[in-house]
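Pasting the structures here.
You will see chain A twice below: alongside chain B first, and alongside chain C after that.
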Partner chain A sequence: MEDIRKSFHHDLDLIRDDIVRLASMVTEALGKATIALLDGDLQTANEIIQGDDVLDTLSLDIEERCYQLLALQQPMATDLRALVAALRMVAEIERSGDLVSNIMKAARRMYGAELDPKVRGLITRLGQEVHRLFRLSIDAYVDRNDGLAAALDDMDDTVDALHADYIQSIFESHETSAMQLQTAVQLALVGRYYERIADHGVNIAERVRYMVTGWLPEHTGAARLAAQNARSEMLSVAVEVAQGGEEAADGTADGRGA
Partner chain B sequence: MSGVAAAALVVALVAVVVLARANRESRVLRSEVHRLRASSTADAASAAACSAGVARLERALEAIPQGVVVCDADGNEVFRNGAAAAFAGARHADALVERAIGDHLSSALAGVPQRRELDLFGPPRRLLVLTSVCLDDGTAVGGAVAVIDDVSERRRLEAVRRDFVANISHELKTPVGALGLLAETIAAEPDGAVNNRLAQRMTGEAFRVARLIDDLLDLSSIEAEETAVHEPVAVHAVVTEAVNRVRPIAESRKIDIDVSGVARRHTLRGDRRQLVSAVGNLLENACKYSDLGSSVEVSSKVQAGWVEITVFDHGIGIPESDLERVFERFYRVDRARSRGTGGTGLGLAIVRHVATNHQGEVQVRSGEGVGSTFTLRLPTGTGAIPSQPLPPPVAGATAVGSPEPPVLAAPSTGTTREEKTA
Partner chain C sequence: MRAGFSGELEQVRLQVEVTAVRVGEAIGRMRSVLATGDLGLAAQALAADDEIDAMVVSLTERTYDLIRREAPVASDLRFLVSALRMLEELERIGDLSLRVVKQAPEQPLLASQPDIFRTLVDMAALAEDLYRTALGAWSAQDLDAAHTLAVRNRSMDGHYADLLRHILELEGPGATHLAVAAVLTGRALERIADHAVIVGERLRYLLTGDPAYLASEIR
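Presenting the complex of A and B:
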């Protein structure tokens, strides 16, 4: 029995290592993608797009192993949360990888387009900020740091603000200079992809919080709804009580009157 | 620069030799130890000597800059030196390296030695070369070794050298080629008005070559200057002279140069001509890469023995990936644009050399579409700031501005220079 548990924990560790590796592939690709996008580097773009198959294969493999462990070991408490979190995280990371590929596909489509410095500057900053956020979400996972994970939500606000500036600068660039409509649309999509990757980073952080503390952001909403329900229930009870009281009062009054 | 590259190469070669020898010897010693341990008549003293030898070799492997990971025939890791330790249980880019090490070791055990380059974004951005070799003694596989070598710096220097030769040929060939063509056209052109226009173009191209040669001479004289003059120089005087020099460019682009941030009392010891040239080049770039009607700010401050002269613009900025290369000779971020501005591609190289000559440095921060900030950091020198009350002898020396720098300053600059060249 001891041995089985030992190998189970070993398997859990391997899954964690592979998730870290999967995420590393995405962060690496993400960092390179921003530079390739700005430099119009088609070779790197193609490498990243092809690299997505490796990501898909590894994520499938991790998922499969998670199912096996769930079925064979029937883990509980922390172990169960770690496995469930892993399953959800693999999906988030894999999707982020797809988005990086999408950025590279957009780079291919707008190859040769001249971007003005302001737009380029904002792409650089957006890229850096998203890269940092995604990296930190994995740091939070490896260190089981729920404080850091909680802080990522605020970082996402920075990304959203940058994204808004960026979209505005595309409009300006399109109006003032000769930026083609096709380029403008591709750029807007690229911004969206970055913004989505940051959201996936935040989701990963939420799963980390769940893994460490068992808390999910949805709990806040659920608690709010429950509180609301409880309140309305109490209200109706109160109304009933009040009505009952009135009736009773009427009754006594009647009784007294009678 | 080539010296550094050569040094890096030598280090690499030495490391490889050491490594090869270490591998061979440790194998020999280890098998020796095993043999001795196995035999019942083993001499305890010689066994101890052997294990001391193994320990010494392990320390040697520990000391080399490359990462080394050794595994036994079953693929279990038996040794990992300090440089490779960072990859174990790592995250981000290092996690990918760790995986690659594992793959390399197992493929080497299977008899397929590998060599692969890993281009990592990081940060820090790195280029690692992974090599794995199977360790067999001719009869059986005894394990495998993987070596991780960081070649980023080597590759960077190679690129600098390669680009320099290509760029200088290009910079010289373009105007000279144009001159030839224009002269040919003039010879065949009967129309005087057209000839006039062509001659003007020729003058322009001739100017460009002349400026390029001037800058090259300037740069080589700054590079060659072993005994730079170190006289007390007022920072605001340097800035004023530099501003006067770039005034025509600034006026033509309606750029306002704001020098209100330069304090009047800051001084440093250095070569006035070189310093003016450095600040002038920074200002020229700031003006050229700013939009019409924008502004450039210059400021200075003194902090713990260092003067910082900062030139700040609101121009187009420099892409992140080019930032570390802009100080190279003839390096251009955007070829079409920068040649259009009439620069020679040497301005920032001159700035960096002036900074180095003064035992200082130049730093750059930039965001595309936001602007660039260049900071020239120079030591104030052992001489003192005149605004402060000084003991008579030193004050006398600086006030008179004697050609000989004070004795205090000479040895310190002398030693740093020797250290630099050594």
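Presenting the complex of A and C:
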């Protein structure tokens, strides 16, 4: 019996190692992607897009092994939580890898476009902030650090604010330096991809908190009400802007999904 | 003990369906907001999404608790893990429909370009259709219906390509604003359809246990 437990924990360790490996690959690609986007570096873009196949294969392999362990070993309590968290994390990390590839596909589509300094500056900051958040979410997993995991939600607010500035800068850039429509469209999507990667980082942090403490992202009544009020306020601002006949700065910053 | 457990499994199944119905209503509201730009309805949609999120969290917690207490095996375990994944998809679909709703102030702008608007309206109809099929497949545990989803989603790709083509034909001072609103709306609709397909693939995994179906959501 003890041998079975030992083998189970060994398998669980291997899964954990592979999740960290998978996440490191995505984190590295994300860092490179922002530079490649700004430099119009097609070779790196292609390498990252092709590299996604490796991420997909590894993700599937990990997921299958999780299911096998779940089915065969009937883990208890903490081990079960670690496995369920692992399953969800693989999905979050794999999807983040897809989004990094999407950024590179957008870079290919807007190849040759000149970006003005403000847009470039915001891409740099958005890229750095999202990269940092994603990396920290993985650090939280590696160190089982639920305090760090809990802090990531606040960092995501910075990303959301940067994203709003970024969309505004795209509008301005079109007016002042005649940015092409294709570039504006691709940049808007790129902003969305970065924002989603940050969301995945926050979700990973939530899985870490669940794994370590059993905590689930249940809002307290007060927090939920505050979030709801903030949303209503945002919409009413948008309504005022629309009714005033002005252009809304950004109708895109919305809630975070799993 | 086991009789109680099977009752609890049934409860989870029912509650997932109730949540899915709520998400279906959210998609219906999204279509109305897109069609009319009704800001009052948009505000209702925001509030309804909070309720969906709360349902998802509480049901997720219950499902985890069931896994922990009962240590289920084989098909029961596969069902509970699938329910968790299904809830994740439902929450995401709800969030994506909200992205479209939040473009409500831009709706008159979108509606001012017939080609773009028609394409978005068609995409929203298809997204809802695929979602309803996915939901029906889940409720009836219908493998064939699940199978049709991936095939039917291909026409969404065609719509999205049309949309981008129309967007790039835009000209004039307000073009960027319209282009960004249209592409973000279109992208959200396309992703709703993708998630409907993923629900189908999850169901195929649940019913067959064949891990090949896990691969299809990886793209």
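Heads up, the rule we're going with is that the second predicted complex is superposed on the first by the 217 of 258 C-alpha atoms of A that agree within 3 Å, B and C clash if a C-alpha of one lies under 4 Å from a C-alpha of the other, contacts with A are read in each partner's own complex, and residues count from 1 in each chain.
Keep in mind that, in the parts below, a residue touches a chain if its C-beta (ideal position, glycine included) is under 8 Å from a C-beta of that chain, and two chains touch if they have at least 3 such contacts.
Model, not experiment: these values are computed from the prediction.
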Going by the contact rule set out at the top, does A:94 touch chain B (first), chain C (second), both, or neither? second
Taking the superposition on A as described, I'd like to know which of chain B and chain C A:28 touches: first, second, both or neither. first
With both structures placed on chain A, which of the two partners, chain B or chain C, ends up touching more residues of chain A? C
After superposition on the shared chain, which partner residues are touched by A:185: those of chain B (first), chain C (second), both, or neither? second
Does the superposition put A:124 against chain B (first), chain C (second), both, or neither? first
Chain A residues touched by both chain B and chain C? none
Residue positions on chain A within touch of chain C in the complex are 56, 59-60, 63-64, 67, 70-71, 74-77, 80-81, 84, 87-88, 91, 94, 98, 167, 170-171, 174-175, 179, 181-182, 184-185, 188-189, 192, 210, 216-219, 224, 227-228, 231-232, 235-236, 238-239, 241-242, 247-248, 251-252, 254-258
Using the touch rule from the top, collect the residues of chain A that touch chain B in their complex. 17, 20-21, 23-25, 27-28, 31-32, 35, 38-39, 116-122, 124-125, 135, 138-139, 142, 169
Any idea which chain B residues touch chain A in the complex? 91-93, 95-96, 99, 119-123, 316-317, 319-321, 367-370
Spell out the residues on chain C that touch chain A in their complex, using ranges where they run on. 39, 42-43, 46-47, 49-50, 53-54, 56-58, 60-61, 64, 67-68, 71, 73-74, 77-78, 81, 84-85, 88, 91-92, 94-96, 98-99, 102-106, 108, 164, 167-168, 170, 173-177, 179-181, 183-184, 187, 211, 214-215, 218-219
